[in-house]
Structure formats: C-alpha cells, structure tokens
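Chain naming follows the written order as A, B, C, D, E and F, and within any one chain the residues start at number 1.
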Amino acid sequence: MLSVLLELQRLKRLDRTGWVLRGLPPGAESVAAHSYGVALTAMLLADECAARGVGVDVGRVLRIALLHDLQETRTGDMPRTVADYYGKEARRAAERAAFDDIMRGSTGAAAYAELHEDYESRASLEARLVKAADGIDLLAQALAFERAGSRGLGEFWEGAAERDFQLEGAAREVVREAVAALVDERSRQ
Amino acid sequence: MLSVLLELQRLKRLDRTGWVLRGLPPGAESVAAHSYGVALTAMLLADECAARGVGVDVGRVLRIALLHDLQETRTGDMPRTVADYYGKEARRAAERAAFDDIMRGSTGAAAYAELHEDYESRASLEARLVKAADGIDLLAQALAFERAGSRGLGEFWEGAAERDFQLEGAAREVVREAVAALVDERSRQ
Amino acid sequence: MLSVLLELQRLKRLDRTGWVLRGLPPGAESVAAHSYGVALTAMLLADECAARGVGVDVGRVLRIALLHDLQETRTGDMPRTVADYYGKEARRAAERAAFDDIMRGSTGAAAYAELHEDYESRASLEARLVKAADGIDLLAQALAFERAGSRGLGEFWEGAAERDFQLEGAAREVVREAVAALVDERSRQ
Amino acid sequence: MLSVLLELQRLKRLDRTGWVLRGLPPGAESVAAHSYGVALTAMLLADECAARGVGVDVGRVLRIALLHDLQETRTGDMPRTVADYYGKEARRAAERAAFDDIMRGSTGAAAYAELHEDYESRASLEARLVKAADGIDLLAQALAFERAGSRGLGEFWEGAAERDFQLEGAAREVVREAVAALVDERSRQ
Amino acid sequence: MLSVLLELQRLKRLDRTGWVLRGLPPGAESVAAHSYGVALTAMLLADECAARGVGVDVGRVLRIALLHDLQETRTGDMPRTVADYYGKEARRAAERAAFDDIMRGSTGAAAYAELHEDYESRASLEARLVKAADGIDLLAQALAFERAGSRGLGEFWEGAAERDFQLEGAAREVVREAVAALVDERSRQ
Amino acid sequence: MLSVLLELQRLKRLDRTGWVLRGLPPGAESVAAHSYGVALTAMLLADECAARGVGVDVGRVLRIALLHDLQETRTGDMPRTVADYYGKEARRAAERAAFDDIMRGSTGAAAYAELHEDYESRASLEARLVKAADGIDLLAQALAFERAGSRGLGEFWEGAAERDFQLEGAAREVVREAVAALVDERSRQ
C-alpha cells in the first residue's frame, strides 16, 4: 500500500495540461483536484439516478472515479490533441500498462484493474456515469474560470448540451439536466 | 445539483493552511487534492480491512471521505491551532451549519448530513477509517514534501505511530501498518 | 521579540481567502501585503484628516493598522461567510485570545492588546479610520484585479459608497471622497 | 490620493528579486509583504528603545517604514548587485525622482519627500531604526525560508552580528539583541 | 563555462517585471521564456528575409537573441519606466558591465561582448532584427494573455503597427507583416 | 508565421513535468525556459568545439536547439517514464507529426522538418551537441534546485559523467569537461 500512498501524492502537483495550454497560470487545477471533483459529481449523479429508480452501484461509481486518472502519475496529463498523434488504442494500452504497474502487488490489484478497464471501455453504466461526471466537472471548472475572468475556453462548451455519454433513460436525463443547468448558468454571465 | 457543482470548485483553489503556515509556497496542496488523497487512501484501507474479514461498507467510507471537508468552501481551511481558540464544539457546530447550507435543496441532503455528522462524531467504523485516511494522507504528503527538500514538518510525525483512531482488531492493524510503513520509509531518508 | 519577528513571517505567505474563493490564483494577495496596504492607506487618510483640522493621533492609527490582522498567524484568514457560522462574538474572542498569545512576554504587550481591542470595538476615531482603510484597500485591490481582467468581484462594491465606518464630519468626508474616487474610476473601465 | 491607492497595489505583486535569484519560487515574498514586516519590526524596535529611555518619535519611524520602498512601483526591486553597476548615487537619485512622481499632487507630498530623503541619507535616529528593521526582517525571512528547507542563503548572515546601522547606546543594544537572537536561533537548526 | 551555465539558470525564475506591474500573477513569463520566444521569432523573421533575398547572417541573429538579456541575471528585469529615472546611457553602461562580468574568462568573451554591444547600439541588420523579434514576441505574449482574459495591456499595442525598428526594404516588410497579422488577429477578439 | 508566433507562447506556461513529479512547485521550469537554457548552452559548447578545431555549423546547432521541443505545444511534456509505455518509435512518430502540423504552411517548413528529424535521429554532429546541451542544462537546473534546498533529484546525476552523447574527439572532451565541472561543483555542496 505504501507505494500507492506515496505515488498518488504526485497528482496533487500535476497540472491539468489543457488549462495551461489555454493560458491559465500554473497550479490552476491539479489532476488530484479534478479527480475529487469527478468523484463528488459522480456521487451526486448516481444518487440522483438511484432516486429516479435507476439500478446503479454507487460504490462502484466512486471506485472508478477515484481510479480513472491514477496512471497519470506515470504518463503525465496529456492534452486532448495528443490523442490525434498517438492514436486512441496506443493511448489506452499505455495508460493500462502504467496503471497496472502502479497497483502491482496491492491487495485487490486485479479488481482495480478490472475497474480501470471498465472505465476505458465504458462497459458498465457506472463507467459511463463517471465519464459524464468527468465532462461535467470540466464544464463546472471552465465556468468557474470564466466567472473569474478567463476567456478562450469556448471550445469546451461546443456540443456539450448534445453529448449523451452512451447513457439512456433516466440516467441520460440526469446528466443532460446537469449539463443544461451549467450551460444555462453560463449564458447568464 | 448546480450550486454544489459550482461551489465545490472553490476547494480546488483553497490551500491547506497548515502547509502555508510552515513555509510551503502557495498552491502546495489544495483542499480538493487532499480530499482526493483521503478518499483513495480510505478505499485502499477499507479494501484491505475487508480482505482481512472486517465487515465494512466501502461505499459509505467513500461517501464520507468525499464529503468530510466540503464545508470548507464556506469556512475556509482553519489551522489546527484555531481550534484552541474557538473550542471543538463551536467548530463542529459551525462546520455542520455550513455543510447543511451547501447541501440544502439537494436530493439526499438529509442522507449527506447524516454522513457528515457520522464523521464529526466518529460514530461508525466507516467514519473512523476516513479519519485514519485523513491522517495517513497528511503523513504521505508530509513525506513527499520532505523528500523534495522541505524541513520543519517534524511535529506532524510526533506520536503518529501510536494513534489508533478509535479502531480495533484488524482495522486497527491495517491502519497501524500503513502508518508504520510511512514512518519507516521516512527514517531511511 | 524574537518569537513575534518569526511568527509575523507567516503572514507573508498566508493568502487572503476571499480572493481565492472567488477564483483568483494562489498568491494573489497575502495578509501581510494587505496589511501594508491598510497601513499606508490609513496614513494617507489620517494625514488628510489632520490637514482638514481633525484631531487625530496618526501614530496610533499606524500602530492599530500594523496590528489589526496579526492574530491570523494562528487563526488563518477566515472568509466573511464564516462569521455567519461562528457568530461575531465568538470570532472576536478567539482573535483576541490568539493575539494575546502572540504578544505574551513582549515589552508593551498590554499596550498592544489595548490597541487591538480598540480596533475590534471601533472605540476610537483612530480605530475607525483603520477600519475605513481596511475597506478602501480592499476596493483598490479589487479594482486592480478587475483592471487586469478579473470578474465576479461585484459584491465588494455593493453599498460601498454608502458606508460611513461610524465616522463623522471631516473624517467622514475624507473617507467618502476616497471611496467615491475608486467607484468613479471603476465606472470608467 | 486615488493614484497612490492604486499604485501601491503593484507592490503586492512585485517579488523581492533577491530571493528569486537564489532559487526561491515566484511569489516567495512581495515587496509589500516585506514592507509590512519592516514596519511591524520597526515598531517593536522603537517601542523597546523608548522603554529603555531612548527619545524616539515612533510615529515618524512608522511613516518612514511605510514609505521607504514605495518607489519600487516604478523602479522595480533591483538586486543588490545592480548597485555595483549603477552606482549608489545614481540609484538614490532615481529612487528619489520616482518617489516624488508617485506623491506629486498628494496632500503632504513635501513632508513625505522629506521622510524618504531622511531614510536614504540615514539622517535621523528614526531613519536608522528603519534601516535596522529592514535588515532584521530580511534575516527573519531568511530564517523562515531556511527552516522550511531553503539552502544557499548563507551570504545574508555574513557579518550580520556586527552591523550597527550607525546606531549608538541603547538603540544599538536593542538592534544587536534582536540580530543576535536570530543568529542564535539559526544556529540551533 | 561552468559559471555561465549556472548563472543562466536564474533567468528561468526571474519574472518579466512589466507583466507583474500590470497585474499578471507571479510566474506569468520568465526572462528565459521570453528570450526563447525572441530567438525563435528572430529565426522565423530572418529566414523569411533570406527567402526574399535579404542578405542576413542568421547564425549571428540567433547569437544576439540568446545573449541580449543575459545581463539580467545581475541587473534584474527593470520596468520600462525605470529608464526615465536612470537615463538610457546609464542603463546601457550598467548592462554592458554586468554582461562583461558574466562572460569574463569564457572562451569567446570578446566575441560575445561585440554581439551584445551590437544589439545595444542596433548597429547591424541582425541586431535590428532581434530588436524587432523582441517587440513581436512581446505582442504575441500580450495577445496570448488577452485571449486568456487579461485586460489593461492596451499600451503595448499603441503605435505598434508603425514601428519600423530602423529596418528597410524587404526586412521592414517582413516585420511589418508580422506585426500587422498580430494587430489584425487581436482586432477579431 | 502568425500561427507559430502564437503557438510558441504555450511553451512559456507549460511546466517541465519531470520536476513537478519530483515535488518541485508548479512553475519551477517552463519548457520555453529550458529550451532557452539548451540553446545558450549549445552555443557555448559549439563555440568551444570550434575553438578546438572541430568543424561545426553553429548556426545549425542553434536552429536545432530552438526547434527540438517545439512540438510540446501539442503533445505536452511527457515524463521519461512514459516512453516505457508508448515505446520510443511511437513517441518519435507522434512528435514528428505534431511538429509538422505546427510548421505546415511556414516558409521553410521542409527545412525545419529536416532539422527536427536530424535531432530525433542524432544524425549530425550538430544534433548530438544539442542533445548534450539538453543533458547539461538539465544537470545545471538540477544543481540550481539542489543549491536552493531541493532533494530527491539524485537519479538525474546517475551515470551522468559517463554519457558521451555519441560524440568523439574534441567535441566529446568539451562535453565531458562541462559535465565533470557540474558533478564536481555538486560534490562541494
């Protein structure tokens, strides 16, 4: 457990590259801070889904959220554009290998790897909810930056209202409502 | 949900005051980044407990971890010493009121309040594991700072090996092992 | 004297929480930097008052300004909203106790405590002028941030032009003119 | 008054260059934060002098302390070494001219200029006490950095114990005691 | 060579003072980062000049660009306004002396000094192209800051389109086109 | 040219990931600042080589140095460890594609691509000297951090004295002397 405890500390320092490349100052948002936002958002989304009758394993949602960016201690936080150069498959393989190396020797390494793989392939409802939470926390952070004076973040909002994150039914509604509320709030600035 | 999504963004910027007061530069660790460390650490601890036969609700552990510092969006992160001046009870009441105001109107506000109260009173095993994770992530962060050259953090290590966080049996062992591993690692620097 | 010399260094690192919670980056304004602004502003206000015939002890004004936030080395800089949760009386008592602990053993500890208490109770003209300087430096800092691109600081300007800081006569005029000049300058942006 | 209120805000952002050139991170200490340290230190020194029977105008001490670096809004904070290239006289003339431009049109501009000139020429006891406070706050900041892990600041301590800042009698004793306490504290690290 | 290798590291930390004085956060742009921008811009300009038939020594352009701010390891980065107080001649003499001290004992110290002097006096086409690159990188950085939300940088754009940097013919065209493209891009924001 | 002028600005903000992952604060060294260090170091190395009779095209050295990390505006600065997960070939192909996209449409795009490819394959003496400069600036930066108090950077020094960067003869000697001087300087700390 010690090695993971120490390695996760790196995420507290590692900047989310996307903001830096758009002119936000160093330290604007760490990967760890974003992961916290994703996990808390995922909890709120999943609880709302459950309240509307969707069968969702909230504990699994939270596990996936906490693990989904952990490999960035070794790969760094690569900007979106980099995927165009490496290819989606190469990126996924590299992230999976790094994740496995981090967890090697931990109790539950196999279970953690299964959760990570689920996220990468968006196989389960829980994985898709985390992906939605990842997108929603990104928008909420972008809105917070914009409210504080940032400009040039418009591209993050393009098409946001139409994304369905491969969700259906009430889960889809919950996510769309959250995104719509953010888009609406932004339009009032 | 919108108001919580936006309010949590503040924790990504808010510095952990304890480090700043000891000379770490601004931005050293945000409250959100620490909360991420606590949640991931709590998951590792709880899973290890479960593997050793302890009956623990890991989902509840993760919920408590994600919520336990949320009120700092309104109270700020007060240094340890401040408790000597306000008193433990006044602090708890203020944090509870701020937390309730944040969640007011959310689906599940009552359930979230119950989890927060559990943490404050350390009523459940799950709450105590989160408190242990809070202490362990603090030590891991201190060690990471020390490895990078920081000095003057010795007080955080005093008595660390003896704290039992009101835990018993295998849960106590799991936590003690994690703390001992950190203390041991530090002694090799 | 040594302990005070060392303890005051903490204020150079401690961020003013209000800015951070509104999206300014870590390091935007330290408590020490603000205290400098308050002291220099208070000198300008008091000298202007004296030039208009107000009997004011400028030395006392400067002493109060330099001491008024010193206790934050132990309490941290709590955001405005926190007062709603702790109550004004609890806050004042805590700050007074922290201040006394810092100065304990110093030559003049009793005199410093009297100045601090004066500020907290706004008993003297000098204390009220420092409170006005505190508000004016806040507005000047807000305007500087806004000129550099910050948004979302409008709440600091609400009602600013009407505040009289319990001042009367020429002192009140001097303060109102300074605030009006800032409000006017802002309206030209 | 408006122009001075706005211009002083720059000192809150301006880094003390000496630290940056020795590897401290940006934002380590602003000129405004240092000026606060100097002013508070000067008050403590002057009050101690008065308690020992030295006739000193503490109000004048505080005025000089608050004004002594104000011109850096226009000249920047030049490192020590630069004086070797510009010459002491050229530096003083430039700083004086910048200071006068800042204050031009203020009530009391002439009085402020007289205080600034006093500091530059160390003509009065009050000016010399501020210079001593300037040196003492520098050492206290260096010690705080060293306690937090900084290295390479040894040159600031060379000869520190022997400097007398052109002071005599009890004033000299007060300053020497403060410096000696810092040097002693450092030797215990 | 060792002393230069170590001394140049300081430029990576040293902030460009002009941005800080206009409200950008510490760390917005280092002198080293700016020098990189100038050198790359100078290469692009010089290559374009060569493509249009201008006889230009690109290697000399790059050498001048890399050396032109090196003396700031000792003088710091002084704001524009400071020149009004020291005088252009005093500034040039100080920078020249600092530069010579840095390079003293290096292989090629005389050649580097000649390049530095060329830049200061804008004697050659190559020196003038570097000065143009210095101005163009400043505008590109200003535009990047403005796109990210900064305000209050308008003064840098005043008269920009008319500056000819003492260039003639195709070199002048190349520089004017680059500036015009930046001005045009800015007007679309 | 406009698009390159704007895109290069991103490198002034982008942190060198290796430092961040080892605990240095955000903003410790930007990619642009490092590239400046590499270019200036490469100039010193190449001039020393020429002085010892090595036939080297210094202009080509400087061009390669300025271009060698430019693609990081799109790929980010990936930590060393990431190469273990993507593979050296995939990394090179991605970097090459990103570089070509940045330069597409520029005068001299083909020539710039040739220089970039030269660096990636270390085909020429000039490319190898830039690689050596890249390693030497890394060590000089590490030493500067260590002198300022950083710890945990020992791995960068392992085997440093033995690396020959595929250089021979006098060029190899020049590089070895520079590295040896850094190693020696470090051992005196």
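One rule holds for everything that comes next: a contact is a pair of C-beta atoms (placed from the backbone, for glycine too) under 8 Å apart; a residue touches a chain by one contact, two chains touch by 3 or more.
Keep in mind that this is a model prediction, so the values were computed, not measured.
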Would you mind naming the chains that touch subunit B and likewise touch subunit E? A, C, D, F
Compare the contact pairs of C-E with each of A-C, A-F or A-B and report the one sharing over half of them by residue number. A-C
Could you give the separation in Å between the centres of subunit C and subunit F, each centre being the mean of its C-alpha atoms? 49
Centroid spacing, where centroids are CA-atom means, of subunit B and subunit C in whole angstrom: 32
How far is the middle of subunit D from the middle of subunit F, if each middle is the mean of its Cα atoms, in Å? 41
Can you pull out the residues of subunit E that are in contact with at least two other chains? 10, 23-27, 144, 149
Arrangement of touching chains [line / ring / star / complete / other]: other
Within their complex, state which residues of subunit A touch subunit B. 1-2, 4-6, 8-12, 26-27, 29-30, 32-37, 39-41, 43-45, 47-48, 51, 58-59, 62-63, 66-67, 70, 106-108, 111, 136-137, 140-141, 143-144, 177-178, 181-182, 185
Touching residues of subunit E toward subunit A in the complex: what are they? 25, 27-28, 144-145, 147-149
Give every residue of subunit A touching subunit F within the complex, in rising order. 10, 13-15, 17, 20-21, 23-27, 73-79, 81-82, 85-86, 90, 93-95, 97-98
Tell me, which parts of subunit D touch subunit F in their complex? 22-26, 149-152
